[in-house]
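We call the chains A, B, C and D, going by the order they appear; numbering starts again at 1 in every chain.
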Amino acid sequence: MITLEEAQRILSAAEDKARQMGQPMNIAVMDAGRNLVAFHRMDGAWVASTDIAIDKAFTSAGRGLTTRKIGEMAQPGQPLFGINTTNGGRIVIFAGGIPLMRDGEVAGAIGVSGGTVDEDHEVAEAGVAAFG
Amino acid sequence: MITLEEAQRILSAAEDKARQMGQPMNIAVMDAGRNLVAFHRMDGAWVASTDIAIDKAFTSAGRGLTTRKIGEMAQPGQPLFGINTTNGGRIVIFAGGIPLMRDGEVAGAIGVSGGTVDEDHEVAEAGVAAFG
Amino acid sequence: MITLEEAQRILSAAEDKARQMGQPMNIAVMDAGRNLVAFHRMDGAWVASTDIAIDKAFTSAGRGLTTRKIGEMAQPGQPLFGINTTNGGRIVIFAGGIPLMRDGEVAGAIGVSGGTVDEDHEVAEAGVAAFG
Amino acid sequence: MITLEEAQRILSAAEDKARQMGQPMNIAVMDAGRNLVAFHRMDGAWVASTDIAIDKAFTSAGRGLTTRKIGEMAQPGQPLFGINTTNGGRIVIFAGGIPLMRDGEVAGAIGVSGGTVDEDHEVAEAGVAAFG
């Protein structure tokens, strides 16, 4: 479980990092049941990234892996090629989603979208650092 | 346009009201283009209501009416009976969604779900009062 | 078949009527195959009505009936109750869609949404009058 | 915001270009909130391209990039591989969608489909040139 207070602390840290970068982001925090806890779209962030941020969190929470790692496994010829059309098309296979771990268990995930995938991942890491 | 800061002020006022009631809520703020600006699920709020809160905001932002009013018009024999299956099934026809108006125009909407529909509507009103 | 020129003439007549009413509308023209030929959203028309206008045309083109008539048949206890969840949820059961007839055959349909259902129907009739 | 008059001017310029090419096209104009403003299917244009034209505009409006550019980033091994299954499957990753910019901001987008992707892109450019 992730409380709203924890989610807001995660969002706040991620938003600080995004502001430092000068890149407005969409940021989502999901619990282990893959249900949304909190979402913020920063002013000027792309609307196409709303859905992507939420589904990056959905992807990482459901598998306990970063979306970057899942993306490597989802390339042509790799073991999970095609996974992005499962789960009703909600699996995202590029960087920006990171699980939130507590006591060795997946407690949820953060998903970030709006910049390059490296920027998205870095902002997600700032959110993770504010957890636990 | 609704800024993230405005959305957070709206959420905060709505959450205060929900806490007074002792009823945890899902609360969403959407802009006039029906894209999500911010969403918070309070600790203990029903997960089925996540989707409903978001779509109540979607409904009110797209038509400039409360979902309570649309619900009256959507009863059997009334003019909008059946509207809830349009827009990809995202139209919600019970109370809890209210437009956010600025200068006589629809700037967005708030959607609340988690309690009775009267409680949802009352919490949404508290959010509206914090806007503008 | 409905040509783009015919569709534009239909749209133009419908828009004139909507302007007379002072009610901005979403207006769609579909062919007999239920594929969109043309769509216009007038300035200030509700975005929720975009989808509804298109699907009113979809509904009337596919059945050769006004959506008003289908709506009567879709009330509880009536023969088509529940039809609005068929066809992928694209059947609209309130007024504003009218078939476009040529030589006794359905050539397509117009769908209008944005005002009251009576206004929508009246604007659709203005479009129909400009056809054929 | 994009007015209907602006959208019609864009469509008209794009249609002129398509006629010069002898290639009937489906052409869509969307606003920044990714809601459709206007759509025209030219006589003889493929019906499968109706959806593609609309979703090319959806894609470019939501991200501020041409669908050609997004397509390059969505190849296997590239940063956005898999993006076409996000946003409910509405992201198109081949040429024909171009953002409409005003004062350095994304005001909307045009999406064209019906010919080769190079033809689609060229017709979209003719539409963009008629804007602003």
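As a convention for this text, a contact is a pair of C-beta atoms (placed from the backbone, for glycine too) under 8 Å apart; a residue touches a chain by one contact, two chains touch by 3 or more.
Chain by chain, the UniProt names read as follows: A, B, C, D = Heme-binding protein.
On a predicted model such as this, the values are computed, not experimentally measured, just so you know.
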Rounded Å distance between subunit C (Heme-binding protein) and subunit D (Heme-binding protein), as computed from the means of their C-alpha atoms: 25
Separation of mean Cα positions, subunit C (Heme-binding protein) and subunit A (Heme-binding protein) [Å, integer]: 41
Distance between the centres, which are taken as Cα means, of subunit D (Heme-binding protein) and subunit B (Heme-binding protein), whole angstrom: 32
Could you say which residues in subunit B (Heme-binding protein) touch two or more other chains, in rising order? 32-35
Take each protein chain as a node, join two nodes whenever their chains touch, and name the resulting shape: line, ring, star, complete or other. other
All chain pairs that touch each other: A-B, A-D, B-C, B-D, C-D
Would you pull the subunit D (Heme-binding protein) residues touching subunit B (Heme-binding protein) in the complex into a rising list? 31-35
Residues on subunit C (Heme-binding protein) engaged by subunit D (Heme-binding protein) in the complex (per definition of touch): 3-4, 7-8, 33, 35-43, 47, 50
Once bound in the complex, which stretches of subunit D (Heme-binding protein) touch subunit A (Heme-binding protein)? 32-34, 59, 61-64, 76-77, 79-83, 85-89, 91
Sites on subunit C (Heme-binding protein) touched by subunit B (Heme-binding protein) in the complex: 46-49, 51-52, 55, 71, 74-76, 84-85, 89, 91-95, 116-118
